[in-house]
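The two complexes that follow have chain A in common; it is paired with chain B in the first and with chain C in the second.
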Partner chain A sequence: MAEPTAAASDRARAFLKAHRKSFRNAGIGGIAAAVVFLIVYYLGLEGVYDLSLAARILPALFQGAETTLGLVAVVIPVGFALGFLFGFGRTSHSWFVRSVCTTYVEFFRGMPPVVLVWFAFIIIILLITNVEFLNVRIQDPFAFATFMSVLALAAHSGSYQAEIVRAGIMSVPAGQREAAEAIGMTRGATMVRITLPQMLRVSLPALGNEFASVIKDTSILSVVGVMDLTFRGQNIVSRLFTSPTGGSLSSIFVVWVEIAVLYFVMTYSVSRLLQWLEQRYRVPGLEAAQL
Partner chain B sequence: MIEVKNVHKSFGDLHVLRGVSLNVTKGEVLVMIGPSGSGKSTLLRCINLLVQPDSGDVFIDGVKVNSREVKPEWVRQQVGMVFQSFNLFTHLTALKNVEIGLTRVKKVNKEEAERVARFELERVGLADKADAFPAQLSGGQQQRVAIARALSLNPKAVLFDEPTSALDPEFIHEVLDVMAKLADEGMTMIVVSHEMGFAKSVADQVVFLEGGTILETGTPEEIFNHPKTDRMRSFIGKILG
Partner chain C sequence: MAQGGGAAPPPEATRGGAGRSIGVAIVVVVAIVTFVAGLGLGYFVFNPPPVKAVLVVGTNVPFPPFESYNDTTGKYEGFDIDLAQLVANALGEQMQVRNFQDFGVLLTTVGRGGVDMAVSAITMSGPIGATRNGSMSFSNPYYNANQAVIVLSSSTFTCPNSICTTTQVGNKTIGVQSATTSEGWVDTYVTPFDPNNATDIHRYASVSNEIDALRTGVYQLMIIDAGPAASIVASSAGAFKLAGTIITNELYGFAVAHGDPKGLLPTINSVFAQIKSDGTYDQLITKWFGP
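This part shows the complex of A and B:
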């Protein structure tokens, strides 16, 4: 029997070798970030800004970031599911399905997200307060209305993603579907095995764009009182203003910089994840052939 | 084997097929020629129901296939098809392209599907390219994989829609050779092609289609050397250069 440890170390070495570039880039990035951090920290020690304030507000901002992550975990999957459903629907042969899906896209795409969030919130509150049936059953109307606002934001993102999905489906040449049907595949199997894998590859960059944008759009939910990252930040800023010492412009700036960094970390992680997926499912030779 | 009776097909105002009939017996090779827009591709697609005929009948082994009782998926397993632009699935390797009909349509188990797929690739001379993606293959190699894919379901006949007209001249031969070998092995084939050399040496029957009707039909010798109509004569003159 071969020694499993030897095989494992071989595999580890092969892995390191295959990803040498990625490790090098990650290393350079890490060092650069550390250098920037040290410079900023040094400036704080020198009293250019209020270092103790910067540290003091972090726990609250982290809590906000956690909430934002929770929102993202709802909005992205729900938005993607809606986008997929309605985008696929817009390529349907049935006029009825097509019209329903087009209406969805045009409605949600045509509304500013902040308006949608308010509409969802207000409509739910009005319904719950005026309809006896709901009034009795829904214990916490505000929590429910807030949740519907989150879904409204997901629907907004979904309308954009529907167009991305539709473009992806249309980018797959008709000959691919014809060839699949010519070997006896059903419409459904053709969709799942042939159109979908090709369409997703094409759509990844555009989806990455939309995901990055929707992460930041969750800040809109602070208008209905969701205590996300932006909401917490604004709270801190307004408390700075009312504090006896008064908020200096530089301390307000510190708050917003920390918020920006936290959003950036989230957005960047998602964009790296999608880049990794793109690489992982790259089809050898295809880029050259498409030139 | 394949019988087409008085088939009509229109796309909107365009009357593409105006009553076409043909009959191909088992093991026979029929070559279809004609100017572009004459309905050759549409006629091929009416046979495996990629296009549904408006009227007329299509029989495969005596079964009327353009009827509600027959599933198009079944018909397509009886008759394979090879396209002008290959249409290999770009995200799958050559092997997976050939396997997918077996695993997803015939529901054959993985080992058996791979065995058959490797055998079919061997048959078109591409056993060593099993793991290549279509974009890594030349046009000729792609078309041979497409032929292997069509053969994987063990069809009773294969339809070829201008299989060499998208190819660089240097690759035309390898594809025609595979097709000639297939004809030798007794495969029933309907080929839309203007490769006269192939038609002369392999075809049992040549059909000249124009304006959605069959203008002339006969052996290669009759059609190419003794065309009956002026139209046929001028067309032959043009394609022979």
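This part shows the complex of A and C:
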């Protein structure tokens, strides 16, 4: 009887020891979240804002968060594909490929995303409505323009990711490429077997940072009327003033607190996930190699 | 085993492997993308313009009670939306509402036929209406509106007999929505007679931003159409009050593309005439503006 219990407790102890850091971090995070929640809840009890309002607006905000996640599901893969392509291109030996890729990066990195998004929206509306051929065939330019705004945001994120990818590729020491050449690997094989595996792992922290920031950047799409979390929040605030319960600064406060929390939850989950990936796939002994 | 008699392997053998498969993969991907793009282009080039089945209606929320987005039902609603639905019913088409976040962009888009119809409390009379008539076509008017001035409840600003003129409004900080008749009125009657530039005008793309700014004291006077003004004040739970009305006698109409190429105006006008004679119009007025 005592034997298996002891083994189980040993296993449990070993498990706790192995994951001590994770438990500590989770504990700190949990306590911080609880403190914030208690402060906000206390303000509600004290009547600073309406607790029932806080619960009532949640379904609409969740719908908005769903839209935001949908946008993220488009922007991150498209942005990563563009970033990889153009970042890879920037390390090319051909001056033509290099200049095309550099133009892309500098163009999309040099403009604020909100300007890019508006620019894409307006230019598509103008293009479709001014070209008779398109105008008779496309009944709903709004949908096209909105989609193009999403792509513009992806291209903006792609320009940052291109730089991350380029830095990742360049971080692989030239000596490794030369060694691969010396043992008869082709350029393609060197890229696939030597450079890319290390580049992806070196770039992971920076990419994770960019992914987290893309989630927040999708809020910019609300300026062209995409019904994401930010748009739904603004809409709730404006309707508070036209509903029988009325609106006040404190009800604006509770709406924006909930929006902030929802964005935080999304961003934090992604950053934790990437941190885990980073640990899992870190280059063994890279720190020592740098010394 | 035939070892080739110890001769050097042919160049194809050394250049195989990952390098070649990457090349093949790129060719395949480019081929697929080109093929799909060609299909899409072919659809536009060779297909005749699609048969209309949907009435695309452009609007700009929030502008209650004329138009707003209802978070609970997830639908656009309001006086204008109900009227537009009646028009869609008369045409036998589905109505698709598109929310443009910028009123100016909506007007440009409808003028060039980017949406079939714009329903957004659009003024068709006066100097602004005359300008708009040059770029879009209007139905018969369906509503007669004035402007109103909203202030914070704590404000000491008043107008004699609740009729505000440029005399009272000048030299204040004023908030208006861009591209609206409110902005037009300020720019026509206030700004030109203000040699010292003492009137500070804040222009907002959407009414929700305008309301937030008034509530937080960014400016003093909010000038907006009288219909939404009454509804904003009535439901602000005492945060705002109506300082007075600016008599402008504006007429609202539905806007369609310049010259009405799709022939929508006769149907719209006959719907207006019919609902005014059978009492539906009065019911809608009661529903949205109160008895």
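Here is the rule we use: the second predicted complex is superposed on the first by the 229 of 291 C-alpha atoms of A that agree within 3 Å, B and C clash if a C-alpha of one lies under 4 Å from a C-alpha of the other, contacts with A are read in each partner's own complex, and residues count from 1 in each chain.
Throughout what follows, a contact is a pair of C-beta atoms (placed from the backbone, for glycine too) under 8 Å apart; a residue touches a chain by one contact, two chains touch by 3 or more.
Keep in mind the model is a prediction, meaning the values are calculated, not measured.
Peer 1: Quick check on the superposed pair: does A:52 touch chain B, chain C, both, or neither? Answer first, second, both or neither.
Peer 2: neither
Peer 1: Based on the superposed arrangement, let me know which partner A:238 touches: chain B (first), chain C (second), both, or neither?
Peer 2: A:238: touches chain C, not chain B.
Peer 1: After lining up the shared chain so the two structures overlap, which partner does A:201 touch, if you call chain B first and chain C second: first, second, both or neither?
Peer 2: first
Peer 1: With both complexes overlaid on chain A, does A:252 touch chain B (first), chain C (second), both or neither?
Peer 2: A:252 contacts chain C only, not chain B.
Peer 1: For the overlaid complexes, name the partner, chain B or chain C, with more touching residues on chain A.
Peer 2: C
Peer 1: Between chain B (first) and chain C (second), which does A:283 come into contact with in this model arrangement: first, second, both, or neither?
Peer 2: A:283: touches chain B, not chain C.
Peer 1: Touching A:94, do we find chain B (first), chain C (second), both, or neither?
Peer 2: Touch partners of A:94: none, neither chain B nor chain C.
Peer 1: After the superposition on A, what does A:142 contact: first (chain B), second (chain C), both or neither?
Peer 2: A:142 contacts chain C only, not chain B.
Peer 1: After lining up the shared chain so the two structures overlap, which partner does A:180 touch, if you call chain B first and chain C second: first, second, both or neither?
Peer 2: first
Peer 1: Can you pull the chain A residues that chain B and chain C both touch?
Peer 2: After superposing on chain A, chain A residues 184-186, 189, 193 contact both chain B and chain C.
Peer 1: Spell out the part of chain C that touches chain A in their complex, as residue ranges.
Peer 2: By the definition above, chain C touches chain A via 14-23, 44, 47, 49-50, 52, 54, 56, 58, 61-62, 64-65, 68-72, 74, 96, 98-101, 105, 108-109, 112-115, 205-209, 211-212, 215-216, 231-232, 235-240.
Peer 1: In their complex, what parts of chain A are in touch with chain C?
Peer 2: Residues 57, 60, 63, 121-122, 125-126, 128-130, 134-137, 139-143, 184-189, 191-193, 222-225, 227, 232, 234-239, 241-249, 252 of chain A touch chain C in their complex.
Peer 1: Inside the complex, what are the residues of chain A that reach chain B?
Peer 2: Residues of chain A touching chain B: 173, 175-176, 178-186, 189, 193-194, 197-198, 201, 283-286, 288-289.
Peer 1: Using the touch definition from the top, list the residues of chain B that touch chain A in their complex.
Peer 2: Residue list for chain B touching chain A: 48, 50, 72-74, 76-77, 80-81, 83, 85, 87-91, 100-101, 104-105, 132-136, 146, 149-150, 152-153.
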